[in-house]
Amino acid sequence: MSEIPLSHILLVSTALFFIGMYGLFTRRNMITMLMSVELILNSVNINFIAFNKYLYPDKLDGVFFTVFIITIAAAEAAVAIAIIINLYRSHQSIDVEDAGEMKF
Amino acid sequence: MNLSLLILIPLITSFALLFCKGLKQVRVVSFTGALVQLALAFILLALYWQERTAGNTAIMLFESNYRWFSALNINYHIGVDGISIAMILLTAFVMIAGILISWTTESMAKEFFFLLVFLSVGAYGFFISLDLFTLFFFLEISVIPKFLMIGIWGSGKKEYSAMKLALMLMGGSVLVFVGLMGLYFNTDTGNGSHTFDLLQIAQMNIAVEIQRMFFPFLFIGFGIFTALFPFHTWVPDGHSSAPTAASMFLAGISMKLGGYGCLRVATFLMPEAAHEYSWIIILLATIAIVYGAFATLMQKDLKYINAYSSVSHCGFVLLGIGMLTQGSITGAVMQMVSHGLMTALFFAAIGMIYTRTHTRMVEQLGGLMKAMPFISTVFVIAGLCSLGLPGTSGFVAEMTIFMGSWQNTNTMYRVATILACASILITTVYILRAVGLVIMGPIKNADHNGLADGTWNEKFAAGILIIGIVAIGIAPFWLNELLGPGTQTIIKHIEKAIAI
Amino acid sequence: MWNDILALLKQELIVTFIILILLTIKVGATEWKTDNILKLANLLLLINFMAGFVMNSEGTLFNDMFHTDRLITLEKNMLSLATLIISLQSYDWLKTHKHILEFYVLMLSTLLGMFFMISSGNLLIFYLGLELSTIPLAAIANFDLGKRQSSEAAFKLIISSAFSSGLLLFGISLVYGTTGSLSFEIIRQQLDGSSLQLYAFILLLSGFAFKISVVPFHLWTADVYEGAPVAVTSYLSVVSKGAIFFVFVPVLYTVFKSLAAHWYLMLFLLSILTMLIGNLFAIRQNNLKRLLAFSSISQVGFILVGISGSSTAGSASVIYFILIYIFSNLGAFGVVSLISALTGKETIEDYKGLYSTNPLLSWVLTISLFSLAGIPPTAGFFGKFFLLMAGAGHGNYELVIIAALNMVIALYYYLRVVKAIFMDSNEHPIEKLKISILPKLAMLACAGAIIITGFAGWIYDHISSLSTGF
Amino acid sequence: MSASSVIFYVISGFILATALLAVTTKKIFRSAIWLLFSLIGVAGLYFWMQMEFIAAVQIIVYVGGIVVLIIFSIFLTQQSGNEMQKPSGIRTIFSILAVCIGFTLTYLLIRPYIFTPSSNTPMEVSVKNIGSQMLSTTEHGYVLPFEVVSILLLAAMIGCIVIAMKIKPEEK
Amino acid sequence: MPTPAYIALIPLLPLAGFFILGLFGRKYFKASSGIVATGLLLISTVLSLYVGYHYFFVDGKPDGVYQPIVALEYTWLQFSPKVSIDMSIVLDPISVMMIIVVSFVSLMVHIFSLGYMKGEERFAVYYAFLSLFTFSMLGLVLSGNIFQIYIFWELVGVSSYLLIGYYFNKPAAVAASKKAFIVTRLADIGFLIGILILAFHAETLDFSTLIGKLTSPSPELTSLTTTSFMGISFLTWGLTLVFMGGAGKSAMFPLHIWLPDAMEGPTPVSALIHAATMVVAGVYLVARIFPIFAISGPAALEVVMYTGAFSSLLAAIIACTQTDIKRVLAYSTMSQIGYMMFALGVSGYGGENGLGYTASMFHLFTHAFFKSLLFLCAGAVIHLVHSNEMKDMGGLRKFMPITHVSFLIACLAIAGIPPFSGFFSKEEILLAAYQSSMPVYIVGLFTSGLTAFYMFRLYFSIFWNKESQLHQPYNEGTLSMKIPLIVLAIATVSTGFVPFSTLVTPDGKAIESHVDIVFSIAPVSLALAGILFAAFLYKKENQKPVKIASSLGGLYHAVHKKFYIDEIYLFITKKIIFNLIGRPAAWVDRNIVDGLMNLLATFTGRTAELIKGIQSGKIQNYTLYFFGGVVGLVFIFIYLW
């Protein structure tokens, strides 16, 4: 593990972050947008763990942060899915392009 | 005397109005309020004389100073000198006339009088403020009631006009605001805090670069209120769409707020900049005077005629201020008072004509002298005052400005003075044109034959304004004496600054 | 220790307690009458607000994760007050709703989140507070259950806030990586102004900016405001925005003090954009909720001007303005929400001739709008004046000039509404509405407060004396 | 190159490849599965960094919770076999552009930065440590965040129930 | 020495009349207003005669020289520590003479109007205005301060305006009143600027101080003469501009165009204002500051002289062709005032040199009586035939004997036939001109012949020529109309014998009177020739005048059309000022200045419309913008800055 420099891990997490962002920008399905958000959060988690492990192993700040992020991600996903389901009931679609009634 | 009364009485009146029922009560309450206020203004005048004759030479009298926002060193600081008293008297006169003219307001009378009285709060407060924050507060307070009055009770393209007026005046006050900020943050009270106190700032020497930077903001900002060219275009639209009392107030008092501000704040606190920029002021003022007068020549709507003539007349105020001599500044203040009374009278007359004939277009009117001699006489008197007839206040004010301006020996300034003098000819032309078309000549519209002449309230309203006009016109020395100490303070300040 | 916790966590505990009471009622056997629930809830909120005035203490807890002082207590109290007012104003809307208790629980949990966020001394607590104040809000944004727009708004809110949290978290992770701590105090000491930290700061800033809808992070605002139930909209625009400001100002002023040269310019840029775009969009809105949404965006621009003052005056003016903004915006939203709840009408056309039928509502709306526009004698004038003054105190007059000119544009659309209410005639104006006593009370309270807050110089002085720390 | 580094690159490659597939594949169900793989890959990364607890949480919460939730919702709202609508072209271009710029910027900023590791003695990342700190109020105590998150979960739950509850037809 | 209080009454009584009638006349004095005004004026007249007696024969000459007496002084408006308007009453020979003339003629007009205006609806208003005018005119002549004179000057202008426009429903009257006011106002601007120039350098507005400073070598005088504008010294500018004001009121070329039109007013008004009093205000003004003209500003005095001479000739020529009897009289007035003006212009200061000044004042004095008499007679005629046109008249001598005789006397006086008053004053003027400027003398001589011609043309056309169409026996008018005619006729005959040269001179010292028979031969014979020629042409109805007119062709036409001066003015005002300045100014204001403001608003609105696409309603776009914002900030603050 020690041969791998921190920056390589950060490269992975950054890449994952932007892959998630790409998904968020382009996916027209609401659920896949949600999935992209999960990717983004995961990339942040990798960051935290890597920093904690490589730089500041004397405390567990990063670890705890990750734990809480994961929890919140779950809560967020739950609420988001509930909203999507509600939306699906009224729109009969989960295409995000259809959810553009309010504009300008 | 507690000057806060001047604000409190209209405030109380306006709140009492909110609880009134029926037109009758509304009338009684607002009229009583205005009457008390007028009495108060006269008491103030008397007390002022008393103090001055007793040898009180303080710049401001009857001062009171309360902490308001201590953290920012903002105070509620009020006080008066002769200039303020003149303006307060003017306001009291115009208010009472305005209330009488609106006597028969039917629709939403309560709201109308409420707004009208509320407007005067702003004017009174503005004239007695010695703290720039308070001053600005009262300056802005009067914008919105005007908007509402024009928009609700106005005529013609009232909404457009109301909006334009509100936005342009707001633009003006925004500039004033920036200027005030510039002033405030460049003051130093000694302990590191800044101040808005007018008298304190006057004692400090604001650096010339700062003055150069912020004088234009203050002057143009206030200038917009007093129809500084080319920011005058709210005047014609606003005045012509407003209901009579609002026009009277607007032209009679609101425009004076600007002039007063230009003098008391911009010029007084930044004399060096005023001196440096005076050529621009004079240029713009001269343009306003001449161009306003020419534009008036072509107007067909009586209210437009008066509105444009107001542009021209307020140009005199700015000219007087720009010339920076004692005479011209005294003249500028006199012109403010005079124009306030005169234009209010003019609008009152136009309003009386309009309520009867339902038109203000000169080509549809004619020969009104026969049908309504009283109103026509009022119209003629207002016109004569406008063209500066001796015996009316207009003459006194204009001549004082000319005499004062001529003291400024710069050739270009003298050309400006000459042009200003020449403009009174154009004034004569448009006033006589209006009088000739509307008042004289054969009756154009047969329906106008049977129209009633002025009612008692209208007579009272016009009478009170005419008394004001003639009182100044016949005996200007009292006004001159009243204004003397105030203008001397300002001019000393300027001379000291210019000498440096 | 426990005494400390009780004293310092007083407000949070009260809110938690209220949540528990409401939950007990929900799961309890007896079915409560709607009216009674509402009355109880409002009573509890009132107690919550009142309690903010007594037995306040200062200190830190959980090794600096949580801290409170008199200013923070005041800020929390302002939020409690706003919540109370919103609750009162929504009375007529809530009466028809099936899930009142849930609504209150969710709303109060967001309030709790905000309390924690304001008191946070640590990025973790800050983040959790932020999420706690967002996620339930997204849920209640969907509380007009049958309405498509409501779900759409909720979806937009939760997705965009998730995205912004993502960026924020990435920023936090970088801060953590470069400073080795999550504690504000240590971060402040460790900042070295490197590009990466600046990058992290920008990400953090964008997270903040998203919540307070600073252009160009604002785009969700109008859509969400329009779609969500008006009560939620008012809550979003006033309470959650205010809470973010309460934490944003100290974070900028203390934690990121060493980056002041940078963030000052960023705020300069963003505030100009915000005011301008907010106003330009507001000009062409016909839906009142949307108009108010854009107006609140431009208000944020003004607040940023105040923040850029970066001084005691900056902080004091922002807090003071938010206090006024609470009353003004709630006054406006209160009327809009009432009318929307009772008639479903929301456009300016519908408001034509409102004065002839509903003078009280018209006056409240007008006064509130004037306050938002910054016209004396309403408090908004004082608020704006001090904000811009704080900005000018920094010596940057260009910003003040632009801000001041924006006030003119803003005046235009506020006056459009006023014009519709007072001047335009309408064949079918909104009929005379029967309003329950509580909302009426809330309206009058707002209107009264709008008038009084400005004149009461001691309020500003008090806030100013509390914010001398900056 | 040691085995450890080889494993790292393999895991990293796996994470990124599956993530990329998850955001580009046309079938929504497949997308969910790719996401699942990617998340498992992340968990693998945690294992690789000897963060077993986190890895476990990752697998339990994400794989066991969130992805299942997502798959359920897919079943609720969509025929899983259908292809998804294509995103609009311009937005795709802009997205790629934005993402590339963002990535370059970020990485260019991160790479040259010299991180200074702490010199204190490392703390063991054991379940015991985590547990005791989680509920401790003293130094390194995380009880407050813990409580906050619990309220958040409660609130989210209530919210979900209210929103997702089937509305009775007469209410509409 | 008269006490100040009652001198002040002289102008104040008419003012009181104005206020009483103006405020209450309509209600309470509907019928009696004439009596009230006349009564008040009668007191004034008696007082002024008394003052005149006292000044000239009792107090005025303490040491053989007439001294100005300041009877009353009150600081009215203090412009600056040095310069103030002091309302004062100054008695000196010319002001005393003027108050007598003004109050006397005004009284006559008041009395005449009792009959003439009887039955008018706005009878009270008429008398109110008349009183106002009398007040203003009396105030004007008594002024001891140049600004005070300007004040009354304007008041005189406005009361003239009101009186000319008295028949306000007659468009011609409205137009005439407007024209009169505007043209005189134009001149007044010159006056005002002149005052500004003089007052600034002399640092005073008071006449005596002003004259004192500017006639002796003083620093003030030096500053005025050394500073110059366009090559002309400030003194000359100032004096010329002041004279411009006088020229406006006194209808000197080219500011005379208002006078003929002003005849639209009631005829008694014309008699008062446009013959005897207001129009000579210009002459009076020049006479007031005459020492400055004569001692320090000869250039300006030359302007006075040539303007006067030219106007006098021009007016006489035009008068020969006019057919409206009042207009003939108006042009004759202009011509006579031209006489007075050039008399001042040829005069010098001190001793015998001051003859022109004395002559001018003398002519002013005599002219007031005979010209008002002419107008009142014309009024009586018009009252009878209800027309102003000569062609509607003729043969009226049988119908109105008193009028006829009075008119004849006045005509003889104006023609300069001895021993009528005009002879004496005109003689002195011509003598003064002869002594100093030959061309002017010749012009004067020629004009004097013309005067006799057109006056008798008028006389014959009215009273002889054809037989009158009137048949019914006709009462010439009420007693109140006849009395003034008789009184004025007596005055016309007698005033020539007033020893003017001992009373009114530039320096107050008496000069020797010259009635040189030899010198008189030329003018008197010329006048007689004019009379005979008029009799030849107009005594009987015939075609000779038409023939002569047609033989002159274009010249006659040009004269008849008053040399097209009116048309030129109209062209300048209507075409150039209204169309080329007024209209564009109004247009620019609405479209450019205001347009700019509106453009700002439109621009804002357009921009708002343009950028609305940002708010597309699509959440993914929003996030994209969001990220764009982040990237932007990063770019700006990390890479650019």
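For clarity, chains are labelled A, B, C, D and E in written order, and residue numbers in each chain start from 1.
Just so it is clear, a contact is a pair of C-beta atoms (placed from the backbone, for glycine too) under 8 Å apart; a residue touches a chain by one contact, two chains touch by 3 or more.
All values reported here derive from a predicted model rather than from experimental measurement.
Both chain C and chain E are touched by A, B, D.
Counting hops only between chains that touch, chain C reaches chain D in a minimum of 1.
Within the contact network of the assembly, the step distance from chain A to chain B comes to 2. Across the assembly, the chain pair joined by the most C-beta contact pairs is A-D. Nearest to the overall CA centre, using the mean of each chain's CA atoms, is chain B. Centre-to-centre separation between chain A and chain D, using Cα means, comes to 5 Å.
Inter-chain spacing, taken between the CA centroids of chain B and chain C, is 42 Å. Chain geometry summary: the mean Cα position of chain B and that of chain E are 36 Å apart. Centre-to-centre separation between chain A and chain C, using Cα means, comes to 27 Å. Residue positions of chain A with contacts to 2 or more other chains are 17, 20-21, 24-26, 28, 33-34, 51, 55-56, 64, 68, 72, 75-76, 79, 82-84, 86, 97, 99-104. Within chain D, residues 87, 91, 94-95, 98, 102, 105-106, 109-110, 115-116, 118, 140, 142, 145, 149, 152, 156, 159-160, 163, 167 each touch two or more of the remaining chains.
Annotation for chain B: residues 167 touch two or more other chains.
Chain pairs recorded as touching, per the definition above, are A-C, A-D, A-E, B-C, B-E, C-D, C-E, D-E. Remark: chain A residues 21, 24-26, 28, 33, 96-97, 99-104 touch chain E in the complex. Residues 124, 127-128, 131, 135-136, 138-139, 142, 145-149, 151-156, 158-159, 162-163, 165-166, 169-170, 172-174, 176-177, 180-182, 222-223, 226-227, 284, 290 of chain C are the ones touching chain A in the complex. On the side of chain A, the complex with chain D involves touching residues 1-4, 6-12, 14-23, 25-29, 31-32, 34-36, 38-39, 42, 45-46, 49-51, 53-60, 63-64, 66-68, 70-79, 81-86, 88-89, 94-95, 97.
The touching residues of chain A, when paired with chain C in their complex, are 17, 20-21, 24, 30, 33-34, 37, 40-41, 43-44, 47-48, 51, 55-56, 61-62, 64-65, 68-69, 72, 75-76, 79-80, 82-84, 86-87, 90-91, 99-104.
Chain contact summary for the complex, chain D toward chain E: residues 87, 91, 94-95, 98, 101-102, 105, 109.
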